[in-house]
Each structure stands twice: as C-alpha cells, then as structure tokens.
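Worksheet for the structure shown next.
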Amino acid sequence: MPALDFSAIFTEHYRWLLITGLAMTLLLFVLCWVGAMAVGILLTIVRMVPFRPLELLVWAYVEYQRNVPLLVHLFVWYFGIPQLLPYSANDFINSHNSELIFAVIAIALYQAAYISEDLRSGIRTLPKVQFEAARAMGFTFLGSLRWIILPQAMRNSLPPLVNQTLLLFKATSLAAVIGVAELTYQARLIENETYRIFESFSVITVAYLAGTMPLIWLGSRLSRNNASRTR
Amino acid sequence: MISIQSLNKDFGAFRALSDINARVEKGEVVVLCGPSGSGKSTLLRTLNRLEPITTGRIEIAGVDVNSRGVDINKLRQKIGFVFQQYNLFPHLTALDNIVIGLTKILKMPRDEATKRAMALLERVNLTRRASNYPAQLSGGEQQRVAIVRSLAFQPEIMLFDEPTSALDAEMIGEVLALMRELAATGMTMMCVTHEMRFAREAADRVWLMEKGKIIVDTDKAAFFNSHPNERVQRFLSSIN
Amino acid sequence: MWQVFSENWEFFLLGTYPRGPIGGLAMTLIIAVVSLAITFPFAIGVALLRGSKSVWVRRACEAYTTLIRGCPLLMLLLWIYFFLPQLLGFPLSPFTTLVIAIVFFQTAYLSEVIRGGIEALHKGQTEAALALGLKRWMIIWKIILPQALYNVIPGILNQFTSVIKETSLAYVIALGEVTYSASQVNGILMTRPMEVYMVLAALYFVLCFSLTQIAGLLDRRIARNRSAVR
C-alpha cells in the first residue's frame, strides 16, 4: 500500500471534480426530497379517499416500489423509458442531463412509497374523534386537516420521516451507476486516474458522514422525545 | 331555540332514532337520560350535524340544520359541543386549544384571542395551567378547558355528551359546578348525564329515552316527584 | 415482455448454468442466503454486546452501527472492492467482495432488529430467571435469546428481502446475478430495454413480495400467540 498523499487528489482539477460532485449530490438530494415528499403526501391523501379502486391502485404502487431494488428502478427509467418516448422527447431529455432527470424521478418515486406509508401510520394512530372535535368547533374539513390532524400526524411521523431523509440521502449515491456525476461517481473517476483509492474514498466518506450523522442524531433525539411525552 | 320534528335516524337497517318530536326553549336546561344504547349521543350529534339524519327536520334558532344552503361551520360555532373524552388537541397547550379556534375560524387577532382565552381560563381557575399540554392536566381540568374552549365562541346552545362519565369521582364535582354556573347564566343547554344530582339542581326539563324514542318529556319536578310512568321509576331506581 | 422472458428465461433464472457458471436469480438467492447466514451470528453478537456491562463495549457497538447506518452501501462496496485487496495483499473474488459488504452492512441493521426483540421482552423474565439462580449468560442463552429471536422472525424475513434487493449492487462489480444477467440480455437484444428491465423488476417483485407477505402473516400469528399467552 503506497504512503498516504492527499495532495495528489487535491490538485486544482480534482478539487473541482469533488466540488461539482458534492454540488450534484446536494442537488440530487434536494430535488429527490421535494419530489418524494410531494408524491408521498399526495399518495397519503389519495389513500384517504374512501374509493376502493383508488386505494388498491395506491397499494399496488407502494408494493411495486418497495419490492423492487432501487437500482432496477433506475435502470427501468434510464434505459427503459426512452424506448417508449418519441424521438423529440428523447432529444429534449438527452440535451438536459437525462441521467439527472431519470435519477431524480426514480429515487423520488421510490422514497415516496416509503414516505406515504409512514404518513399513513402517523394518521392512523390519531383517534377519529380528534377530527370530530375539530368539526364540532366549526372548523371546515380542510381547516381540520390543516390545523388539527396534519400537525399531529406530522409530529407522529417525524422520526420515520427523518429516517427516510437519511435513506434518501444515501440512495442518491446509486445515481452514480447510471452516470450522474455526483460524489461517488467523481471519487471513482479520481481513483481510476490517480490510483489513490484510500484518499479519494476517504474524502467522500467524510462528506457522506457529514450529511448523515446529523440526521441520525436528530432521528434518535426525536424518537426519544416522542417516547417520553406521555399522552 | 331547538325544534325537532318527526326525526328518524337509521344506521343501515338499524333505527337508532325513531319519530322524535321535541322542543327546547331559549334558556332551558334539558337533561337527557336513558339506558346505554338508547340513542342519546346520536340525538345530540344530529343537532350539529355530526350525524346526518334520515328523515325529519331539525331547526335551531329557526334555521333548518340539514338544509343545503346552511353554512354548517357557522352554525356549529353557535353550538358548543362537549365530549365525554374531552378531545382536547394534544399538540396544543391549554391556552392554544382555545386560541386556535378564535384565530383560525373567527380570524381574530392573536393578542385579542389570547386575552379572551386567558379570561376564560381565569373563570375556571386554570390560569396557571395555560401553558400545559393536555397530557399534563387531570381529567377534570381537561374537561373544564374543553368547556371553555366551546364558550370562547359565545355559543347560544351548549350540548354535553356525558361530560363527567370518564372522570374520577373527586373531579366530577368541579365540572358539574361549572355546568350549574353556566345554567344559571341562562344558557340553553342539553346534557346527557347520569348525574341525577345535577338534574335535580339545574335542569328545567328531563327527557327519558329508550330504544331510540323519547318516552318521557316532562318538567323536573314531575320527573322526580313520583312520576306515574313506571319506566321512570324503574330508571330512577336502576341508577341510584 | 413475456416474449423476452420466455426466450431468455434460463439466463434470467440460472445464468449459463449448467454449461458455465451459475448466475441469474439463482445466484441472487445464493448471495442473499450466504450473506444472511454469515450476518446472523455477528448480528446476535452485536445485539448482545449492546447490553454488555462494559460502557466501552456498548459504545463500540453503538459507534459501529451508527457509522454503518451513515454510509451508503455502494460506498462500502467500493471500499471493499478496491481497498481491501490492497490492504490484505491478495485479490478477492466479486462474490466474496459483495458478501463481505452485505455482512458488514446488515450486521448493523439486523442487530438492531434483534435488540428490539430483546428489549421488548418483559423485564420480569430476567428477574424470574435470576431468582431461580440461573447464571447470567445461561439466562441470555437459554431464555432471553430464543424468545427474542422467535418474536423477530418476521423482522428477520423483512431484512432478508432487503438483502435480496441489496444484492442487485453485484451489477457494479460485474458479478453475474440477476441484475447483471438482465443487463447482459439487454446488451444482446439491444432494442428492448423496457421489456428486459420490466422482466427483471417482475422477478424481484415476485420474490420480495412473497417474502414480505409471509413476514406479515407470521407477524400477525406471533402477535396473536403472544397475546394468547399473556
């Protein structure tokens, strides 16, 4: 094993690769998180509509997402979907960083399934009379959701949502496999050019841990808080 | 104030309320009693449309509760409803449980809402509990907060569904005292309760329900002083 | 989609076996079973050590699980694929590489599942056993662990589905399990990626969905048994 030399991977060129990689990881993370949350909340609301076929549809969606590896979802989107799109659409996507677009769609849809499950169980633990009490006071249907039900459901689901955020952050690394130039991708590139395996992987490990450790800390704090607050 | 005409209410094939005809005048206090499952809660809940009715008509202050045009949320603000299980919002402090309705429904400025809420808490001696969460309050305290939460809207009618039956014996008194005080102010009230002491002291009329029907509707004196109906006698002896 | 599967099903399920090395879904299952089998004793060890009397042992185990939870599996795999041979001085096969990565990763998660099972047991169990004069390790080995493991069978099954999904990373190090096989089929057919990858998704779905359904069934049964005992 060669002696450690971090300066070899901190030349101006590689520094630039790492910085853009970090930026891409953060961009992926933010886009996926927003997308996953939006779709997750939407699925939760659709599930509350008392219409059996809709319920079944959401159930099938959630099961499909959860029982197929994320990597396969990425392949379906990145390799498969363009087969179904017309040329013009493919042209458009290809000229707009198709890797990033498909990675965001695949990861967001995957995590959304988990998020909707967490939100659903957060709502299910609420007694139905909370809703009635709100309606009896004169809150509208949406007002009751907005001011009484959702805040409580959110509080119940906060620890699992933080955990999903953690998993989503880690999941962004898989985008490297379809060629999104994020941290993991850049580390492999640098390792490949410099043979500085330890150095390049150390850097991204530190980067990932810097993102995940606060989330782990927050998650355990929240679940401890919720457990100690007796109802 | 309240007028119920030929009211029927079905749950599927089961008739929970059957041909109810009754009136409550302004300022009257009606105690509603009867065996469990006789339809007391259901009747109370139809009054503010928490339960839709099957046929019949309910008028409150001259307004048909079930008509399409009525703004049910407006109407509900005029009808306070107190549940057996208090149903305070557990994510809000005692104070905020009162404030949230004022600011979000009545769109009152926050400081004005807080002032009104504090005055109400003061009225039930709970000022020091203002910033406590429901889980930190005793059952009696929670129920008193729930009652003043309804009062914050300055309702014209208060409905109580067994407000003391989830409470330990030593807390029942404080809640009943508040209800008596309220009755004395001339509030129109309908109370489902088994507390005959309360009925004796505060009620104007007593309704006795059985199997979805009001079988006795009489004034308090007649109810308690050797009412000729043997079912009244049976009911009174069953709860004493 | 059906055509793609019916013309290539042997490759999807078995790889080139019996003419060449085994691959496809069979390989996926082999990796998953081997990984989980190796993970299991480690996970029990970590779960028990987290209840150790020594603060340092407890801290070390906690640090390990926290660190692993903070790392993407792909990164762990790359560390092992590229760096471990350098450290050891001899090469590792892709199979060994992936198994090591999954064992490292899953030990952290599975130990949490088992620890949950231990903590859910009634405290009285230990006290009753102590009162009988049993030695501490005897209590753990003969009384606590069997009950805890029985109760977390559904959790272990769910973890097994996670492992199956994680084996798809074999693709990254060119190890011939089902995802890699699919990419090879895709490479040959060239023009039908959607069908190929939907077949792949369907294979995973059938496998993992059945497992999670069984886990759910067992979960309800075990919960029922437990409430019947109490």
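Which chain is which? They are A, B and C, in the order written, and residues in each are numbered from 1.
Criterion: contacts are C-beta pairs under 8 Å (C-beta built on N, C-alpha and C of every residue); 3 or more make two chains touch, one makes a residue touch a chain.
These figures come from a predicted structure and were not determined experimentally.
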Could you classify the connectivity of these chains, where an edge means two chains touch, as line, ring, star, complete or other? line
Closest chain to the protein's overall Cα mean, using per-chain Cα means, please. A
Subunit A to subunit C: how many Å between their CA centres? 22
Return the distance between the CA-based centres of subunit B and subunit C, expressed in whole Å. 57
Would you mind pulling out the distance in Å between where the CA atoms of subunit A average out and where those of subunit B do? 47
Touching subunit B in the complex: which residues of subunit A? 129-130, 132-140, 143, 147-148, 151-152, 155, 229-231
Enumerate the contact residues on subunit C facing subunit A in the complex. 66-67, 69-75, 78-79, 82-83, 86-87, 161, 164-166, 168-169, 171-172, 179, 182-183, 186, 191-194, 196-198, 200-201, 204-205, 207-209, 212
Tell me, which parts of subunit A touch subunit C in their complex? 1, 63-64, 66-73, 75-76, 79-84, 166, 170-171, 173-174, 176-177, 184, 187-188, 191, 197-198, 201, 204-205, 208-209, 212-213, 216
Interfacial residue positions of subunit B with respect to subunit A in the complex: 48, 50, 73-74, 76-77, 79, 81, 83, 85, 87-91, 100-101, 104-105, 133, 135, 149-150, 153
